[in-house]
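Alright, structures below, take your time with them.
Shared chain: chain A. Partners: chain B in the first complex, chain C in the second.
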Partner chain A sequence: MSSSREGAGGADGSADGPKSRGLRIFSHFGLPKTPGHQIKGDIHPAIIKLGLQFSEFKICGANARCIATLTAFKTVIQDYVTPPHNTLSRHLMTHLSPQITHLVNARPMSVTMGNAIRQLKLEISDSDIDLPEQDAKDELCQKIDNYIRDRIIIADEVIEDLAVKKIKEGDVVLTYARSSLVEKILLRAHSQNKHFSVIVIDSRPLLEGKTLLHSLTSTIPPIPCTYALLPALPSLITDADVVLLGAHSLHANGSVYSRAGTAMVAMLAKEHSVPVMLCCETYKFSETVMLDGFGKNELAPVKFSPGAPKSNSNLEVLNPLYDSTPASCITAVVTEVGLIPPTSISSIPLALGRTTL
Partner chain B sequence: MTRRVVILNTDIDAVVCSIERSQTLPADLEMADLEIYASYQRLLENEDLSTPLAAILALTEMMERSNAGTMFELLNELKGGAEALSRQSSNPIGLNAGCELFIEFITLFPHDAATFSDLKTELIQQGRQYAEQALTYRTKIAELAFDFIKDDSVILTHSYSRVVLQTLLMAHKRKRISVFVTEARPRGMGIKTAEKLTAVGIPCTVVLDSAVAYAIEKVDFVLMGSEAVVESGGLVNAVGSNQIAIIAKAANKPFYALAESYKFHRMFPLSQYDLPSHNPRLLSFPQSLNSTRRSSFGRRASESASTPIKITQEDIAQNNPDVDYTRPDLISLVFSDVGSLTPEGVSQYLVGMFAG
Partner chain C sequence: MDLGVATSEPLTREFLAVVIVGFGNELVPLTSNDGVEPCPKALVPVANRPMIDYVLSWIEQSGVKDVLLICPSIHRPMISHHVHSGLSTLHIDVQTYDESPESNTGTCTLLRHFANRISEDFIVLPCDFIPPPSLSLSTILNKYRTENVSDGSIATTCWFATQQPDKNLLVEDWGSIPPPVPMVWDDSTGTLLQIETAEDLDHNSDEMELRMSLLSQYPRTKLSNKYQDSHVYVCRRSILDLLQEKKHFDSFREEFIPWLCKIQYQRRKREKYGPILNPITNVLTQDVSLKHSTLRTNPKVTTKGVLHQSSDADASSPFDPESTTDSSSLRVGIVLHSTKTGYATRVNNIHSLLDMNRRMLAEATYTLPTDPQSRSLIDPKAQISSDSIIGAFTQVSERTTIKKSVVGKHCTIGKLARVTGCVLLDHCVIEDGAKVDGCILGKNTKVGAKAELTRCVTQAGYEVGPAESLKNEKLDISDWTAAPDESDEDSGEEDEDSEEDEDDSDEDDDEIE
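Let's look at the complex of A and B:
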């Protein structure tokens, strides 16, 4: 897998090209990088560290990555010194750009990071030219803190409140893989002494559901849980009263980009008329349209597929990390501005970044 | 909160209602709460006022009585009043929509009056003006829906809805239409519609609720009133609407909903059982009922197995829902005074109004 780019051209099925590695039609997918990828230019140590954490999947998940990126940028901004004959508002971005490129090389940028960075760029260009440098830097860091607080932390709390209200006494909640937000919702519902049980559906290669299962069963008293892999879903979906899902991003046509397997869970739930609630902060909104999971995706690193065939070179391993769920399979999106249908996200000014909280 | 007062229209229900009311009105209900509910009930006696408008007017009257000195106090009082109304009503969905709209309006109203009492007078006047203006919405909706009614159409409608009635009466003046109207058990309000339509000479047949699938092939489209249009773009209406929508979808007939914009409600039901009107008593099986409950089937059956079991209409109505929820994907268009909207359009309008 690691050399798939070189082999991308040889996968046209010709008999004399048995060395082919990587399928040509998937060659545009974000490819996993080797951990020690090259450091080009003046990269801040905090960013180098973060890059390693990203490529090793030590920091994983849209919210965690966004918070980690912004926190690292705060260090970068504090350590930055404006060169002579330049102003902070004009020069800082050129200093940040290679840092961003480094992170993107480690792992393709998430929509959340993209949105946050766009907001940061706006704040930098808006910062007052006459402000002393340290003040300007402090103000930027304050704005970053506010962004994290308003768009992620407070938003999550509001979403928890809204979603918990929809979990009724005795419900069976089904969830897929692990979303930090869904985990918080379930724990909050549990802390309010609601009695409900959870079905955690999981899938290779990441098996993130195990982490969720661990945290749900470590509560006192533990939440009754069932853990199953994706192939067992059809026999379990009939027991579920509601499906709670997390998201990587939500697109303008209402389709949801989330962990591979989510689409299957949502479609099966629709088939069995189980309501599907997607929990998603408005800052995960992307103005692009997503039609399927092939246009844009990311591949899981090799270390997550240890059984990858080595001897038979005609067999390829393809582990896309994400898939796209059509809007018709989602009953409601729980956002910090309320429950909305997935297609209405584009009418929320907050999601478009037109207003600030 | 176990207190429930059921206010229904038919005579049988009135008896049940008076019994329930005497039992369930506890002393801790405050005077103001009772007062607002009384004025709400009085307003509802006006044939033209629907529940959201009656709620708005009841809140306006409450403002007149109020001696709040600040906006904060006034808003708190109004919120309390809205809560009291919704607590005392068996089916609070419609009135909640009205209260929500009115409180939102008050909150956003520009505070540029010289004194607070001036502002209050202004607000009261605005409330009355809105209610007055809102009464013209039905004509507007009728005009919008009129374009969709072709000459010689056969229309199916459900239960009794003032806006549907107005639309049909208007269509009758210029086009030939015939109407199927469902009986709409348990209240049988469909008969009222049929009587009013027959009186003006519209060919009209009452269809059993169970015969909708039989009749649907003869129907050109369905016109449905609504109690509330919710954020998903779906609607909450008299029970039976959902099954008509499903049948219309299966038969590929358009399903048009008519709703004044004050019925747009910021609520997102995930399923029938997620509606605020749902409670465990609905659709419960006799054995799960409390055995001391009066007139439960279970007790009768166990006490006197030899005498034949009688199930009366009231018994049936008691365990059954008043309203149901129709999913947005079953609705073709929603005609309202803000335009003809697709269900997505409705949800975008609502999100824009309240979440902006």
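Let's look at the complex of A and C:
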């Protein structure tokens, strides 16, 4: 997506001005940060490394970022020493705050990271004051491991079990970009010796579909795949039997926040009466309401658009990474608690016997 | 030590900078002894600042706090005094090794010796690398940090573009410039693939051999001989374990790094050394997260033409401990620096020392000192061009011309002298009417009245007699004491420098600032 500069920029001769100004229209997304920004204060080396992984997009994807953050926090917690006249349950969070800020500066926090950190804060404040320090730290690391295992890894396995039942023999599955969960579902279905084919729809700038294609065709025997870019979707949607999509987060009003282009896939599928199944773990749920993809979004760094025009021209390239899919386009959401309609995420805690998500 | 307060220092140091300081045999006679005192190579100034200062301030800017400095035991007092007297925030640990100027101890041997002091990832730096302001050590560190986690890369190197100087400017007596080394790298991932070593040249001087396994992994590579190794290496700690295995390697730059590049594409070496480079430790890795990452392709392991997937049926067991070796690439990264954004060089021979001084002068602007005492030392009738640097307390007499030169501290330059394109170290004396052109004069050099020196390098304390004319020479003290009325060609005869320095390790250093 690109837009032309408003008025005055073209008139001034200096080449430096246009580069840093950015566009007013999406300036609230924040300019993509250059990697290697100054490290403020004492940041743990594991967090410095993680920040670089995020800003260079080496670790990309809601699940990956959450697992990476929690793993790095385990290292930070183990290296943490409670200062004298202080308790772990009170001080550890203030110790972790600058580390979290460093990660947010590298790349805006994902909803999954936010939920995980909120849960971690709860666990830290619940930690028993009388425990010796090493025991308290070990207990926290164990809780982090349990969170990753229960709410991501095992949740994924349960979702796979539910979703593979929806893929019948000879089906054509359509998917968009790359979701770690959808990939696992397709590989699981394949390992159960089902014969199906996949249409992978992809779009710039990240071209994540390519890595999905690589992974699906590396199985033995390879899964028959079709690869196309988003503009080719209308011609391929008629062939699809089911659409599987992943999500970054699911909101209280049922709208899905996911990779830019997902909304288009979902809307087109609905028009052609193809069932759309959204695969999403419960820890991705967010209590906020999202009405469109412009209130909150993120821009991809310039390095992903190799065809970008030169810096002294009047054209600037913008790559929002996410968009919002309305609940009406989703047929069902597959979570580890079962298949639910997208608008009813608020009933989940009650069903699970919890008070919050 | 306050026992009541716990320090808030982080327990884990991320990097240790290891600065290797040698004798500087290529810079003789500048690094030969000044009487009985040694002149360490690390303290030879570039634009009036000891060359080791450039490296240390570069390290400080990147945020690395700990430095291990390894120097010959003879130079220890002077270097130790210099590094500890500054205002830097670095913790510098000066360690010594016993060595004489003739035997060249390679970096590998030194690292093996001091391996027990290095417990984390380390950066090897030379003392003679002058980085440009546009290249920051953080860039190289960030590339290492990113690739070490996401890819399993084992080291990152830095190469800078060199320009072969004009043949006319080379002075043969000053020694030869090291020949360019052809090197193969992959631009898109920034991976160093192959370096031609002297051994390879002996083996086959007409052709360069590239393995098919290299080309099948990296089909689009580039070959160039215009880059020079800066000797800055950011390495994983397990490389030291590898060094212990390979005891026959002596030079890090010439032997070990070319060998290390081969591990990434040669299957047998990878199988043999992979476990040493990726030891099973308790350190938490980001493997699970990387498996879930959407932009990462899980690499395949190729065995003789049959493709296997490294971790099959990924869906059911994300925790796959054995796949660590398979998925880590064990590659050596490379950061290339071109001359467009600033000139970098290693001042390890006399030509590059003079060249670097000249480049620094291009940015210098000389203004007369405002302090009245220093102002009085510089005569108003002296002509000093704006691209010169004059050190403090230097006296310049009337009608003297100084152009494009670096003059050290406490020098005395007489009347009607002409100094053009020179580098004068501290305490030099140039008497009236002398002409010095394109020379490097060591500390305390005395140039007699009306003498003419063109493109010479002198040892510290050398005295050029009045009305002498010397061209294109390296002047040692032995020349001067052997035949006081004319300059000799036999410089190696009376070696009063190297034998006596064995027993004088407690000499007080007074003039190095």
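Rule of thumb we're sticking to: the second predicted complex is superposed on the first by the 324 of 357 C-alpha atoms of A that agree within 3 Å, B and C clash if a C-alpha of one lies under 4 Å from a C-alpha of the other, contacts with A are read in each partner's own complex, and residues count from 1 in each chain.
Convention: a residue touches a chain if its C-beta (ideal position, glycine included) is under 8 Å from a C-beta of that chain, and two chains touch if they have at least 3 such contacts.
Nothing here was measured: the structure is a model prediction, and the numbers come from that model.
Touch criterion met: A:N63 reaches chain C, while chain B stays clear of it. By the touch criterion defined above, A:E157 reaches chain C but does not reach chain B.
Counting residues of chain A touched by each partner, chain B versus chain C, the larger count belongs to C. Once the two complexes are overlaid on the shared chain, A:T211 sits against chain C while remaining clear of chain B. In the superposed model, A:K184 lies in contact with chain C only, and not with chain B. When both complexes are overlaid on chain A, the residue A:M267 reaches neither chain B nor chain C.
Residue contacts after overlaying the shared chain place A:S347 against chain B, while chain C stays out of touching range. Once the two complexes are overlaid on the shared chain, A:G338 sits against chain B while remaining clear of chain C. In the overlay built on the shared chain, the residue A:V104 is in contact with neither chain B nor chain C. The contact surfaces that chain B and chain C form on chain A in the two complexes do not overlap at any residue. The touching residues of chain C, when paired with chain A in their complex, are 4-6, 8, 10-12, 14, 63, 138-139, 142, 145-146, 148-150, 283-286, 288-298, 300, 307, 309, 312-316, 318-319. Within the complex, the chain A residues that touch chain B are 166, 168, 242, 273, 275, 277, 328, 331-332, 337-341, 343-344, 347-350. By the touch criterion given at the top, residues 231-233, 266, 268, 270-271, 273-274, 328-329, 344, 347-348, 351-352, 354-356 of chain B touch chain A in their complex. Contact residues on chain A toward chain C in their complex (touch as defined above): 35-36, 39, 42, 44-46, 48-50, 52-53, 56-61, 63-65, 67-68, 71-72, 74-75, 79, 81, 83-84, 148, 153, 157, 160, 177-180, 183-185, 187-188, 191, 206, 208, 211, 214-215, 218-220.
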